[in-house]
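Before I ask anything, here is the structure I am working with.
The letters A, B, C and D name the chains in turn, as written, and every chain counts its residues from 1.
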Amino acid sequence: MPLTDSAQPDLEDLEMMWRVRAFEEKVSELFARGEIGGLLHLAMGQEATAVGVCGALQPSDRVFSGHRPHAHAIAKGAEIVRLFAELVGRRTGYCGGKGGSMHLTAPEVGFVTATGVVGGNLPLALGAALSSNRRGGSDVAVAFFGDGAVQTGLFHECLNLASLWQLPVLFVCENNGFAEFSPISAHTVVERLADHADTYGISTETIDGNDLTLVRPAAVAAIERARGGGGPSFLECLTHRLRGHYEGDPTRRRGPAAVDEGKDPIQRFVHFLYDGAKDAELEEIEARVRAEVEQAAEEALSAPWPERDDLLTNVVA
Amino acid sequence: MLPDLEPDALVALLERMIVARRFEEELIELAGDRDIGHFHVYIGQESTGIPALSLLEPGDLSFTNHRNHGHLIARGAEPGPMYAEILGRATGYCQGKGGTLHLASAEHGFPTTSSATGGCIPPAVGAGMGFQRLGSNRVSVCLMGDGALEEGAWHESANIAAMEQLPVIFLCENNSLEALGQRAGEYPSSTMAATELTDLASVFGIESVAIDGLDVRAVHEAMARAVHRARNGEGPTFIEARTVRWPGNRPIWPELATGKTDLSMAWDISLIGADHASWYRELDGLLGFTRELLTVGFFSRDIVIDIDELATERVREGLSFALGSPYPEPEEALKHVFASRGN
Amino acid sequence: MAETVRFIDAISSVLRREMERDDDVLILGEDVSYGGPFGATAGLSQSFGSTRIIDTPISEGAVMGLAVGAALSGHRPVVEVMFADFVTLAMDQLVNHAAKFRYMTDGQLSVPMTIRVQGGVGGSYGSQHSQSLEAWFLHVPGLKVVTPSSVKDAAGLLASAIRDDDPVVYLEHRGLYWTKGLVDLDDAPTPIGSAAVARSGSDVTVVAVSRMVDVALLASQKLALDGIEVEVLDLRSVAPIDWATIDESVRRTRRLVVVHEAVVTGGLGAELVAGVSATAFEALISPAVRVGGPSTPVPASPFLERLYTPDAEDVIAAVLETLSEL
Amino acid sequence: MRKMLYAEAVVEALRRSVQGDDRVHLMGQYFLGLTPHRTMVGDLFRQYPDRVYFPPIAELGYVGAGIGAAIAGLRPIVDCATASFTFQAFAQILNEAANIHYMSGGQTSVPMVIHYNHGVRGGGAAQHSHSPQAMMWNTPGLEIVTPSNPADLIGLVLTAVASDNPTIWVDHVRLFDTEGEVPEDIEPIPFGRGSIRREGTDLTVFASSWMVHRSLEAAQILATEGISVEIIDPRTLVPLDEEMILRSVAKTGRLLVVDECHLRCGIGSEIAATVAEHAHSDLVAPIRRVATLDVPVPFSPPLEEYVEPTTAKIVDAARSLTGVQSGD
């Protein structure tokens, strides 16, 4: 489709990508300092898909993420101070310290939930889409997942259902070439993952997920199709993880060298916007966002721990 | 068309197809007289399972599902212990512990039968993996219905079979052409969005073919090729055999909607009335195969009648054997939870 | 108005009434528009159409998760699981998602869904279609679990389950489907978490669930002829357990028997006996006794099925055992 | 005797299994979870590339494949990594593997081992902290081993691999860093025989896996207060050494079950019920259970500590059972 203005990413999107990057870098630092425990999966290098897709959504559209959810939550509009607070297990966190990194929620901005189970969020997104559809609404549901989820049985069941019922759902596969620790070739013989979606008659597109100027229009088109009753779409974004599978991964396979290969989505978008010229404005955005992130992290760390009484609440209503 | 086989082999196929048919007919009749629990019959799919499984050799494994009676007969299981198992008797293949849903006979290459939809797929793939790793040239056959393709187990297992190039044959008997809930002309099976079921396998690079499951020759050829590939390390094959659901299978409890099969309809069209005419004329693979054998002139109607009489007799003897068999001893209920421990 | 209906029809009627009462109630399952295998949803698709009576593929995991997603979005889905054993295919969505979202998000998300699960021994269905899995669900915090034994509670607990704001596993024993009983659909729903005194007695407390309540009642009638007065508690809710009612009864009778059809080892009975042994230890004057399925898969043979399933004689033997240890 | 880390013992158990029987193949790569030890198993994988299979993230598919491979003649050791992922494979583990021998009337055996790491491990939150062994126990047909030290681990795994039954091998990542003595020539340990980790007279503590260590720690504290604790480590839950438990309770008259499963219908429920049924007259105090509280496991460290069975909770429970006032 031709690019419309709404399909063009702009400076706000750049700022959002910086916010994600700065957040993840800060998280990495807090993890190294021992302020954050548990399993942390960071999305440095995958900012363009999160920002490209979430920036094309309305607040009432619902996002369901997987075990690498920070970028999606931020891009959907979650407050970073509450995200930090959750990661450091504080009472003011989005889940009051009960969820942690893999179970973030910010329902008021349409970031419904994440899951630590590979592929576990796909049917949830489907259900939200069904719900919207049955209410005659126009809200769209989005499931973000990695290439590892494509080999799960749920993936197959969900794509079949989405197509059968023509549900308003967007499947965003962030194909970073690695399922957990293994290169994708160790997990499937299918080279273009979107081929699976073709099988069920779902609209597909495979794009360079590091290029925000490609992700955004593809997302806008898919979302408009879903809103208009055109059913599900499958967007395969070829991305590049700048970190290992999780923080502390002893077999970390990715290093900053990748940046040199021109895969860093922020650098690419900067180049697109400025063609290497106005560095001052860029530096101002980055500096401002980093300061904001630092302050949010400080605020989160000084927040109180949960109370013991909190432990037994909210198991059931 | 007929498979490229010696007359003796063709007669053997016919004989097993008739046994499979009579087996189910007797069972449905029996169920009219007494409560024998829920069961599924293979009528209408004999032209697929019998020629396909005739190509297996001892040691090859097959993993079947809730609609398994015809499969066991195809590999030489006896009606007596089969009925005995269905009736929960001590002389059943599983000594009454499996029943129709888990009818299994290890000596005939059926180590276990799952009646959870898609439940047989991962173990079938695993058996292929076992054979490959043991350096054996045996093959593993997964006997599945089209509904099993709706399960995630299919997707996970197909991926593994393709990745490892395992000696596995997925024989998918798609009998949904008239199944409950079918969206006519829209999808090939009840609730599957893929317009071609074979796409679900070929997307993994698995060699896939859709055939007419009523065509004994087509089944035989496709299966022969799949077995050859598997034995020679060329990887998995997916065969979609399209059959039509027998009218008696439409209700949840099978009933003899088309009556006991009258094989003379194979040569005397005047016996076919208005009811179920298309079934008798075109869709019953057993009648079709009989017609072809007669047309080619391998043998006479009398021989068909003789084979049928013998087959019917064998089935009835099996049923009396089962009905005359005792129930298991009570203690049997507590046995075989675990294999005996070696320590 | 009270009328006598079959258990399965009570389920049907409540589904219909709840759908009329609340537009957010959806039904999902295999062949539900055709009534499902036992007719629980018969006729509903004619009234409510395919937008609310939704046939699904045989994709238990996805369907369970989809219902969770719809519940997160404000619907009240009722998922029909054709056989309890097939919950195994949806365990991850049930245990790791449905049961946890409220807690993991500290109360921000709700999962108001009902999971109707048919199960139990009978009809030669064999090992993969006959299990009673209430102990698994009881072990998962965040799930509520109910299992009616009477037609009245079949209706009352289902209405409560559908109106509840948490995931409720509603366990149906197919052996009860054709039993009849009096029910008034206008009555208040049966509250979740409350046991019923099915028969009052002073000598021994027998706690039973589902189809075993009738078995316990039959046993208690026979025992009454010998002057032994058994109190039969119908647990009705497996989670939460009505400890107060059990505790009150056991402190009075000072003896406890638990009866369920599921496997004894690691079963509901283990929890009940462990709980009573901790809280009413001094009240018990003889050891508690558990009656239930043996530690074997469920066999297919009708003969073996009868041996597998506890009957009134087993309950009588257990009651007498608690009385003999004085 | 040599000293060995539990994590090293995992690798040794796998190595000996692979070396001892050509039919043993390893399916999965996270035997040591995501701990820093996970690279230790790498040498073994490199040494026997033909005996190792790294599956995709498809637990239902590859655990089921393990079942079929076992039927076809292998003796696979299948790794599910984190216990929570077994829920993806429940249909194959509990509805197929556990039932096959029985359903077939004894015709077919499934000689496979299924490994997972259970329990609260620190920051795992609700979806990575499960202990599903109680649920598996409720399904007849699975043997369940729960080693607590390196020597037992090796001996039990050797028996598991030789067993013709599907066996669940339960590890805990917190065990990996513990150290223990291992005989030079270790023999298979028969199933169904518990081990008395500490002898005592006042109170019987039943604990498995990682909880054995917490109980030992508690017993030391209690000893300084004059409370003599006997600790029973069942080593295998199925089959269970009931006799050892009953014998100990007959001696002490008190039972405390320490269990990392959730309280309701946990391992503790079954042990408590068994003792209540069979040793009622031996008991001089109610049976107590210290288990993971019945909430999903929370993420935040203080909340996590509050739900799990800690040494302090074991000490408190023991004091109250033996009539000693809490505190000093």
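What we mean here is this: contacts are C-beta pairs under 8 Å (C-beta built on N, C-alpha and C of every residue); 3 or more make two chains touch, one makes a residue touch a chain.
Computed from a predicted model, the values in this text were never measured in an experiment.
Taking contacts as defined above, which has more of them, B-C or A-B?
Result: the pair with more contacts is B-C.
Approximately how many whole Å separate the CA-defined centres of chain A and chain D?
Spacing between the chain centres: roughly 37 Å.
As a quick test, compute the distance in whole Å between the mean CA positions of chain A and chain B.
Whole-Å distance between the two chain centres: 47.
Compute the distance, rounded to whole Å, between the mean C-alpha positions of chain B and chain D.
Roughly 42 Å, centre to centre.
Note the residues in chain B that touch 2 or more other chains, in rising order.
Counting only residues that touch two or more other chains, chain B contributes 92, 94, 96-98, 102, 114, 116, 119, 150-153, 155-156, 159, 163, 191-192, 337.
Could you list the positions in chain D whose residues touch two or more of the other chains?
Residue numbers touching two or more other chains: 56, 58, 60-61, 84, 88, 91, 95, 99, 102-103, 125-127, 140-141, 294-296, 298.
Hey, what residues on chain C touch two or more of the other chains?
56-57, 59, 61-62, 85-86, 88-89, 92, 96, 100, 103-104, 126-128, 141-142, 294-297, 299-300, in rising order.
Classify the inter-chain contact topology: is it line, ring, star, complete, or other?
complete
Applying the document's contact rule, which stretches of chain C touch chain A when the two form their complex?
Where chain C meets chain A, its residues are 26, 51-52, 54, 56-57, 59, 61-75, 77, 92-93, 96-97, 100-110, 141-142, 144, 164-166.
Which residues, counting only chain A, touch chain C once they are in their complex?
Its residues touching chain C are 62, 64, 94-99, 103, 105, 107, 112-113, 115-117, 120, 122-132, 134, 141, 153-154, 157-158, 160-161, 164, 310, 313-317.
In their shared complex, at which residues does chain A touch chain D?
Touch residues, chain A against chain D: 36-39, 86, 89-90, 93, 95-103, 115-119, 148-149, 151-153, 179-180, 182, 186-188, 246, 248-251, 305-306, 308, 310-312, 315.
Okay, in this complex, where on chain D does chain A touch?
Residues in contact with chain A: 34, 36, 38-39, 54, 56-58, 60-61, 84-85, 88, 122-128, 293-296, 298-303, 306-307.
Under the definition above, what is the set of chain B residues touching chain D in their complex?
Going by the criterion above, the answer is residues 61, 63, 92-98, 102, 104-107, 111-114, 116, 119, 121-131, 133-134, 136, 138, 140, 152-153, 155-157, 159-160, 163-164, 335-343.
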